[in-house]
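I have a structure I would like to understand better, so I am pasting it below and will then ask my questions one at a time.
Order of writing sets the labels: A, B and C. Residues in every chain begin at 1.
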């Protein structure tokens, strides 16, 4: 064989090997999500796209749950250590050495300054977390100093799932459009290979990642958006998908029985509730709201519909989060009491007709709404079910309250692990409605929440106390029907090792932690 | 009128019909909804987005000028952008159409392979057992909800017998180890063209159930139409003559009768194509088959109206053209058939 | 004289029909189905559940207590099918009625007057027939808000042209008959001629088509509900129940199987009935 032929066959062999390697089952991982991603801009993204962003970008700090709920810790991310000043008005972060962005730019304090300022400037939905940051100083490339207007728990905030990612300053003036075309500018272990909005995102391992990767780790991740729950389940069971969220609760047991798939349950800070439109009579009358809250079939929902996989909510703050008051009022279904309260409030039997909205295609709210309808029929209230797309629901709720729905069913999880994001974001008085979709305005409640916020960084004990007080007040005032706190259940193929879900980063699969 | 002028007249009429169809679909979207811009902008839209869509659609202009810009865009293949996939709808349609065509062709083949012979046998002995049976079968096939049959077939062939796969176009193993190189976009055909026998077998196995489901109604149709046209032909004089001359039944069946019954075969094929276009909408999603039907179903779930609009328009035009082709072919075969 | 001929034909047809056991059985089945639907509350212990009230025994397989098992909210499936059948069948009847009521007069008018009236009406018919029926229904249902009347309208929009064609064809074949010409000559008003004299001849084929269409209407209504374009929740019709049950299939097989059987049997009965009637009236015209 002459040298040309040998050369060619060597190249061919090499190519075949690499193709085979690529085709090896080991290095491709497929995850299936429910809805499409809306916004891949790390400074403004506020929804399910963290499934992608958490693998492409990194924050300064990571939140890690402890063994129990109470010993959660903050672990170094792109920052290795942090320290507050005496007066709590400045935080100094020491940054990790030797990290570069995907575009080759070294990670320095300039990047920290750029990232936070860009987030503040673009005013995305979660940009409020940096409200106390006045400026960021960069005394040297590996030190970033946050200057605050008020004491604020910056390291905790820097571990947020949203709006806390470190972005390469080379991004400059680029807008969300650049990111949504599939471009990346992070430090994470993966980059975006291709992005088809609403359909599929393909991530591939970044060769120059600063950190370690596990043996048999993932090289390519395919993230599919499949809105049909039946297809999600079929693909998981058929091996076309290695991980899936949004599986029907009633099928979990039999999915688990499948020898190739297991159901992994994890703690979450997610809960499910229905906001009453407090601005629209007669829901402005507390007796009416209490009647509605007494009518909800909690036991049936928790133990029968959800097969005991969730726990009944007690107020808005989920159990396990500081600020959750274990003695806050918890309603139980009491039809007689509900009827009495209604007539006390002067509402005649069969005269009240309420509209409830929830995300169409979402099975749990659908079931909850149907059993609520039946329960309310027992107290002479007609409930009209109106499933809508999330955005349409939201539009309706943030328009004129007189025309908005009466009850808005939704899920919530925090931006960073704090009850502030439940109490304040959802119920603090707002003139321009953001997420206070119940139009709740209570000065006493506001005062407690503000107190908790102000002391969060300086006196965490009284901060928690204030939050608990606020929780109690809220639960008794019933601006919403608090239904359940849930955990997250995912379907995973048996041969995937090392998968752990972090409740602070909902529905994220950390691709760099898993292996086959 | 000469043959050519009849054809031309028919073509002209088809064109008029297409234009009218476009006008009706256009008018429906402008007159019926409370806010056309909101309908197009979709459920995700903010007030600003709706405003910008209103500008885009030119809703402040006169209906006539709106129609012309709409028609102009449609002719150029511009149907707007799907807000689920963020892609231009025309490129989405191009991407998904081959898979649906694969199903439709498979259904047509099944309709011919199964339906026609059965129809022939039924025609051979009118009122006989096979005749009654095929009549019953054909009506049954036309009475069954296709999406339900799809699931029952999955139950029988996947869950119980485990002969055929549950869903999808190819299995994960094929995608990883013997991937089919896309040429036409149709799995089985591409595998064949690429001599990928493993892939071909896999793609074929995945094709069976969806094609079978889609072909149920066409098979019934084929049975009945073959039978009825053959039945009519069988009574013709020249058949009796042939019988008298001593030709065997079989010879008569296949030499004379079937040839003259070809016209209804064309009708069947055309009707199969047309029926399968809409049948695919119900069947594809059950089998996770990545075709136009699944695309529209996902659009319905996401209230992605531009997609629904585009697929309705494109689907209707295809339907019209197929009907036209069938009519023309029939007229060529049988000059007695009126075109106009 | 014309009426005598008609009654002789009818008698013949009835006799032929009665000898067709398939037709009789399907008629009986339809009567049974309508009976079940009408007397639904009497046929089940779980009337409340049939109307939507949730129960606690969720996703139970068929048993002595629950004939066809229970659904995801613990409702007895048999009851749901009974009450859901009211909606499915009602919708189908409304669709066919609307199509018939709109299409037939147009066809009579077109056939009777001929000329440009005929041209205009038939061109409109051609345009509407150009749409694949299900696509048109999906399109209209997507534009209109969910609701009973809108759904009926969306489907009927693709079907009325058939009735126009049938009515017109009938009118054309009877148009030149002596009795019609005589009436015209005597100055009888057009409307009277059309709807007094010609309608009886238009009636039978239109009604046959209507019976056949009831079968297809059941299927189309189910298809739209299955796709999610049906009535707002929690009104169940058979197609919607199948859509709900899909995620539990095939393990909880009853959820999908029984509503599907209901649709199949109902559509089959209507189709067989219509086919039998048609064969009875045209015994030599084998389809």
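Criterion: a contact is a pair of C-beta atoms (placed from the backbone, for glycine too) under 8 Å apart; a residue touches a chain by one contact, two chains touch by 3 or more.
Fair warning: this is a prediction, and the values are worked out from it, not measured in the lab.
I want to compare two interfaces, A-B and B-C. Which one has more contacting C-beta pairs?
B-C
Mind having a look at which chain is the central one, using mean CA positions?
Smallest offset from the overall C-alpha mean is found for B.
Distance between subunit A and subunit C based on Cα centroids, please, to the nearest Å.
Roughly 49 Å, centre to centre.
Would you mind pulling out the distance in Å between where the CA atoms of subunit A average out and where those of subunit B do?
Their C-alpha centroids are separated by 43 Å.
With chain centres taken as the means of their Cα atoms, state the distance from subunit B to subunit C in Å.
Centre separation, subunit B to subunit C: 23 Å.
Considering subunit C alone, which of its residues make contact with at least two other chains?
Expected reply: 246, 249.
Among the residues of subunit B, which ones contact at least 2 other chains?
Correct list: 301, 303.
Under the definition above, what is the set of subunit C residues touching subunit B in their complex?
Within the complex, subunit C touches subunit B at residues 22, 123, 126-128, 130-136, 138-140, 142-144, 215-216, 219, 222-223, 226-229, 239, 242, 246, 249-250, 253, 256-257, 259-260, 263-264, 267-268, 270-272, 275, 286-287.
For the complex, which residues does subunit A have touching subunit B?
Going by the criterion above, the answer is residues 23-25, 28, 36, 38, 196-199, 227-228, 231, 234-235, 238-240, 360-361, 388-392, 395.
Can you tell me which positions in subunit B touch subunit A when the two form their complex?
So the residues of subunit B in touch with subunit A come to 42-47, 83-87, 165-168, 171-172, 176-177, 179, 285, 288, 298, 301-303.
Inside the complex, what are the residues of subunit B that reach subunit C?
Residue list for subunit B touching subunit C: 13, 16-18, 20-21, 24-25, 28-29, 32-33, 39, 126, 135-136, 139-140, 142-149, 151-152, 154-155, 159, 224, 227-228, 231, 274, 277-278, 281-282, 286, 296-297, 300-301, 303, 305, 308-309, 311-312, 315-316, 319-320, 323.
Touching residues of subunit C toward subunit A in the complex: what are they?
Within the complex, subunit C contacts subunit A at residues 52-54, 56, 58-59, 72-74, 232-234, 246-249, 251.
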